[in-house]
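Dumping the structure here so I can ask a few things about it.
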Amino acid sequence: MAGSSFGTVFRITTWGETHGRGVGVIIDGCPAGLALCEEDIQKYLDRRKPGQSRFTTKRNESDTVEILSGVFEGRTTGTPISLMVRNKDQRSRDYSAIAEVFRPGHADYTFDAKYGFRDYRGGGRSSGRETLARVAAGAVAAKVLKELGISLNAYTRSIGPVSIDPARFDLALREENALYMPDAEAARAAEHFLEKKMKEQDSAGGVVECRITGMPAGIGEPVFDKLSANLGKAVLSIGAVKGFEIGDGFAAADLAGSENNDPFYMKDGQVRKGSNHSGGVLGGMSDGAEIIFRAAFKPTPSIARQQDTVTRSGEETAIEIHGRHDPVIVPRAVVVVETMAAATVLDLLLVNMGSRMDRVKDFYGA
Amino acid sequence: MAGSSFGTVFRITTWGETHGRGVGVIIDGCPAGLALCEEDIQKYLDRRKPGQSRFTTKRNESDTVEILSGVFEGRTTGTPISLMVRNKDQRSRDYSAIAEVFRPGHADYTFDAKYGFRDYRGGGRSSGRETLARVAAGAVAAKVLKELGISLNAYTRSIGPVSIDPARFDLALREENALYMPDAEAARAAEHFLEKKMKEQDSAGGVVECRITGMPAGIGEPVFDKLSANLGKAVLSIGAVKGFEIGDGFAAADLAGSENNDPFYMKDGQVRKGSNHSGGVLGGMSDGAEIIFRAAFKPTPSIARQQDTVTRSGEETAIEIHGRHDPVIVPRAVVVVETMAAATVLDLLLVNMGSRMDRVKDFYGA
Amino acid sequence: MAGSSFGTVFRITTWGETHGRGVGVIIDGCPAGLALCEEDIQKYLDRRKPGQSRFTTKRNESDTVEILSGVFEGRTTGTPISLMVRNKDQRSRDYSAIAEVFRPGHADYTFDAKYGFRDYRGGGRSSGRETLARVAAGAVAAKVLKELGISLNAYTRSIGPVSIDPARFDLALREENALYMPDAEAARAAEHFLEKKMKEQDSAGGVVECRITGMPAGIGEPVFDKLSANLGKAVLSIGAVKGFEIGDGFAAADLAGSENNDPFYMKDGQVRKGSNHSGGVLGGMSDGAEIIFRAAFKPTPSIARQQDTVTRSGEETAIEIHGRHDPVIVPRAVVVVETMAAATVLDLLLVNMGSRMDRVKDFYGA
Amino acid sequence: MAGSSFGTVFRITTWGETHGRGVGVIIDGCPAGLALCEEDIQKYLDRRKPGQSRFTTKRNESDTVEILSGVFEGRTTGTPISLMVRNKDQRSRDYSAIAEVFRPGHADYTFDAKYGFRDYRGGGRSSGRETLARVAAGAVAAKVLKELGISLNAYTRSIGPVSIDPARFDLALREENALYMPDAEAARAAEHFLEKKMKEQDSAGGVVECRITGMPAGIGEPVFDKLSANLGKAVLSIGAVKGFEIGDGFAAADLAGSENNDPFYMKDGQVRKGSNHSGGVLGGMSDGAEIIFRAAFKPTPSIARQQDTVTRSGEETAIEIHGRHDPVIVPRAVVVVETMAAATVLDLLLVNMGSRMDRVKDFYGA
């Protein structure tokens, strides 16, 4: 397919462009009977809303979600949940420059190469607004997971070279700064760094980290649909993500086996691990420990500096990109990572329900 | 599904355990008319065959592939290609220790948690032998790609802390050393490093890098099935992989936009890029440049050192794992990464054929 | 998944209930560059619009389609096409009777059994309005097919016992009567029959037949995704369909091989068949002849006569269903069958593009 | 994909040609812990084995199944179950006639049209031997279903014009005659009819009927993956099937609503139906009544009579097909229909497990 769907049993399908009528998603396979209202979803969307700090675009969007189907008398019915966010601020402006020129670091050239032409208004389908649909869908998944005792928390781990200090880690601080960093000192340093980049008409990247707690062991499928592989795909499918790692990730490649293996022990009759280099996944399945993974975001490609490029008709030219762009997308991407992880984990939990004969028999009362 | 299939149009489905009758794969959706014989596949399998150096297990397997269907008079017929590699060296031994004890860093505990019990002989489905099926399928994909002018080359980038030096990079050297490193000096240093680890009854990890040349621009689907996302899933689904990055990957998070953006220019009437920080993918689609990505492998979990663990029945114990294990799996994993990438890329090329109305019309002569 | 998607490369996903905000569909995988406007779709929707004759419900709906995404400057962009039809006539009425009672022949009981409760307003997701989304999606498929020289024509073959006479068959007459029958005499007889049923507070069923011309040979996949199997699923997934047959269908079971086999001959250098008992499909693939198939629709379950049934709480009761119901759904289902066939055929045409190595090489210029 | 897979959670993928090394299937998603041995599968394969009566081909095949993976110590492990049946009787003969000539009623022409050439030995992938893989997979599904209290019974309903009499129906008689008819008198008449056809060098078709008992209500998904639609696809994907109907099927089109609706009543606290015109499916979901459906098989296309046809190179010619062919395939197809239904039903049962929030919470102990 053309790749606008994700998941097997909990399956989401997104649509929409930044300057069209809106963006939306269909969630198929959400269990029936979940209490759900627009506010449940809105609070996640608000976490990525523009215009909340000096580090985000001033595009004026309320990003209000509407539930178009699948909910009746406050509960999901089991039928597809259609969610839509209308675009409001579709400023009429002159796109002729962008229409004819390929912006470096953007998908302009590749869209043209694939489809022969493109919706050049603001990036079209490859705009960051596409992630609204992911967040809306993942918010629903997160609500299901919460009922199962599973919670997800993503945050900014680093902006450019400024990283949080594990010794100062405090998740409660995440909401206290514009950059969603769980470390006040790092947040201040990162803000200074960003201001410098902005003055230089430049942009920055960073790393988002996500933790999932409460997962039962054994979730994920052993070969291609490993929990780590599906999380990786979910995260790498977010625009601007260039890297993914779980547990110790690339650092694990430098460790010895004796350092990297997590020993098992017993506590309260439960199997536990004495460390968590694995990041909560062994053999592609959850091992009962906290799941922890990271996503690397490249710097925002839209910068006001002059860059060399070419036109659609093959002439060399230069471009300066002015307008409403975040100098860094990481803080707004935090909730995208968290909700994509929610959708991934819920899908694998539902797929897993058929994995054991005894449990299938119990389920059907046989 | 239970996750033993990968791909949409070029779709592979694998089966088999290390100590069962064998391992195999069904390839569905391979174009008809490709010249194909067992030797085409065997040469890829031989690259991961055990026993070829002092750094690999001494398990004695010829790993001979048989084509069971889908090829007639030397050409693929368009029907499913069934490939099988029989297990020969299924040494009868006493598995009772492994049967009852969870090996740290292995999938023993998670298999039990998911399915209630497991095939404990040598890791069962989570053994490295599972990758034989991937390599066999990917070898067929690679042959199709070769006919389209696309070639893939993976190699060892680092073993533990020993990394190749880009200044000395020479792909021709890859076959000259047991570690598949394209840098003779780094290979020697890595061999010393490994010997030390072996003496310490310990193991090492490393990084595999892969390059794909000859890709047309526009391959990959813009949202969930991005080329980078599907490659990421393919690679992260290989046992022991803990990280994936494309282009500059995690390093891109530290760059400024002005550093990370690749400028476009024209050459011979073609759009080209002046650098390749993107790793050949923009907006999830190939941008015509070389595709370059990396996979981080954790150290081999099987080590002879004593490790703390627990039994199935919940008693704490210790384990030493002796027997036939690679001190590092990276050199043998190189071909696995390369062939999984081949399967991924071919699938997206075939999916892409329906992306433009004018080309669909041409195809059907309308 | 929860089964709201259909197709592999041309993939449609529908949503919506009859008394919610509306119904809609996302089309993923439509080739880019197709000229498309709302009128292209509207004309198909108008064919199933209520209130057009005395044989259809008087529900007052304009059923106006909106294109929410995927079209730019009058052409499809290759990204998902989101189509929506708002519900207008959501009469506020008292549903308490229906809410508590299972209507015979409807999905009330099965929805409750599956999900624990249901959206009881007018049938919810199982209402005939669900087919609006199918028609909208299939209208787009039909437009693509037209550009490939493929056309589809469905019509009413019979209403209750009144069937068209092949000797009088004239497709042009289809639009001339309220029942979409290509035989004026049969249409008159069927109208009399229906009026009698209406007086009896009863309803009728019937058979829809569909013909597809212009199909190249070789479309369909040889095993599970046979053209006949996928058409069968497409048609049997329409509410109220209880049977499907292709070519001679059930009558073929009574024929001898010598009667049923279609002889081949040559004409103008093309392979042709001297008869078409197969209905245009051999071995699951199109054989170049006209494709012809039929769908059997049960009578409308909503009738004003008193029927025995039970309540949700398990008490026996009786029900009379008054209100806006078609005495026969067949005439309005004609376009649903035709458009579902269009979506099925287009998907298989796109999947087929990767079936031959030589054509894949041509496509990629290798 | 190329369509060799079927199912979403219980997913089967088949391979193999009649004159290659064998045929086989991978079952992915079978619940772990099912007791399974080769005899469980073999007894189903034996029901379609050739050479058991004068009405089947004399091809000498033991059709012995081997379990290659996924079973350990007599129980399924949750990993893919690979099943294989080797071809033994691959008589070396001269296929040059068939190679160059398109047999009427066969897939020779359509395979060539699709793939450019074909494995012409005995029909290749479109041979009836392809169904061996379906039966093997469905036998496993049937064993799972049996543990859930669900049983399936298919039988021959008619051979040519000779149909069973419902008044004489006795399932126990099915095994007593070569035609698998649950009516001894009809079986004798059908045998006479077949002998006449054989003397005339001709062949016959027929109808298979299948009943499924013990199904819980609510199985099947409401829109595209209706139980009736998926059963229809499963059955229509069997070679030679030209029609499918459920419940009253085509006859329902002639009934009035008052005749066709099944009234509900209560018995022992359970919702029951006073009749079963629906065939056990309402709104695409099981309604708790017996599921009953029928499949129409065309007559065997291979007949010894002379038939007009053309060669691959476009010359008109005539063909007589001698050799080992069943004069009717219906009796051997009975088990194919039954096992495909088993695979379909089990898949929908597993998909259904995630349909309700309360049951998901119970499952995960939340």
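For reference, chains read A, B, C and D in written order, and residue numbers begin at 1 within each chain.
Please note the rule applied: contacts are C-beta pairs under 8 Å (C-beta built on N, C-alpha and C of every residue); 3 or more make two chains touch, one makes a residue touch a chain.
What you see is a predicted model; the values in this text were computed from it and never measured.
Novice: Can you list every chain that touches chain A and also touches chain D?
Specialist: B, C
Novice: Using C-alpha centroids, which chain lies at the maximum separation from chain B?
Specialist: Max centre-to-centre separation from chain B belongs to C.
Novice: If you average the CA atoms of chain A and of chain C, how far apart do the two points sit, in angstrom?
Specialist: Using C-alpha averages as centres, the distance is 38 Å.
Novice: Taking the mean of the CA coordinates per chain, how far is chain A from chain B in Å?
Specialist: Result: the chain centres lie 25 Å from each other.
Novice: Counting only residues that touch at least 2 other chains, which ones in chain A make the list?
Specialist: Those would be 1-5, 8-9, 14, 29, 32-33, 78-79, 114-116, 125, 216, 222, 351, 355-356, 358.
Novice: Which of the residues in chain D end up touching chain A in this complex?
Specialist: 8-10, 29, 31-34, 76, 78-79, 144, 147-149, 216, 222, 349-351, 353-361, 363-364, 366
Novice: Flag every residue of chain B that touches chain A in the complex, lowest number first.
Specialist: Residues 1-6, 8, 14, 102, 104-107, 109-116, 125-126, 130, 158, 160-161, 197, 200, 202-207, 216-226, 228-230, 232-234, 236-237, 239, 241-250, 252-266, 269, 271, 274, 277-279, 282-288, 296-303, 305, 307-310, 314-316, 351-352, 355-356, 358.
Novice: Considering the complex alone, what residue numbers of chain D touch chain B?
Specialist: Answer in residue numbers: 1-5, 7-9, 11, 13-17, 20-24, 26, 28-30, 32-33, 66, 68-70, 72, 75, 77-82, 84, 114-119, 121, 124-125.
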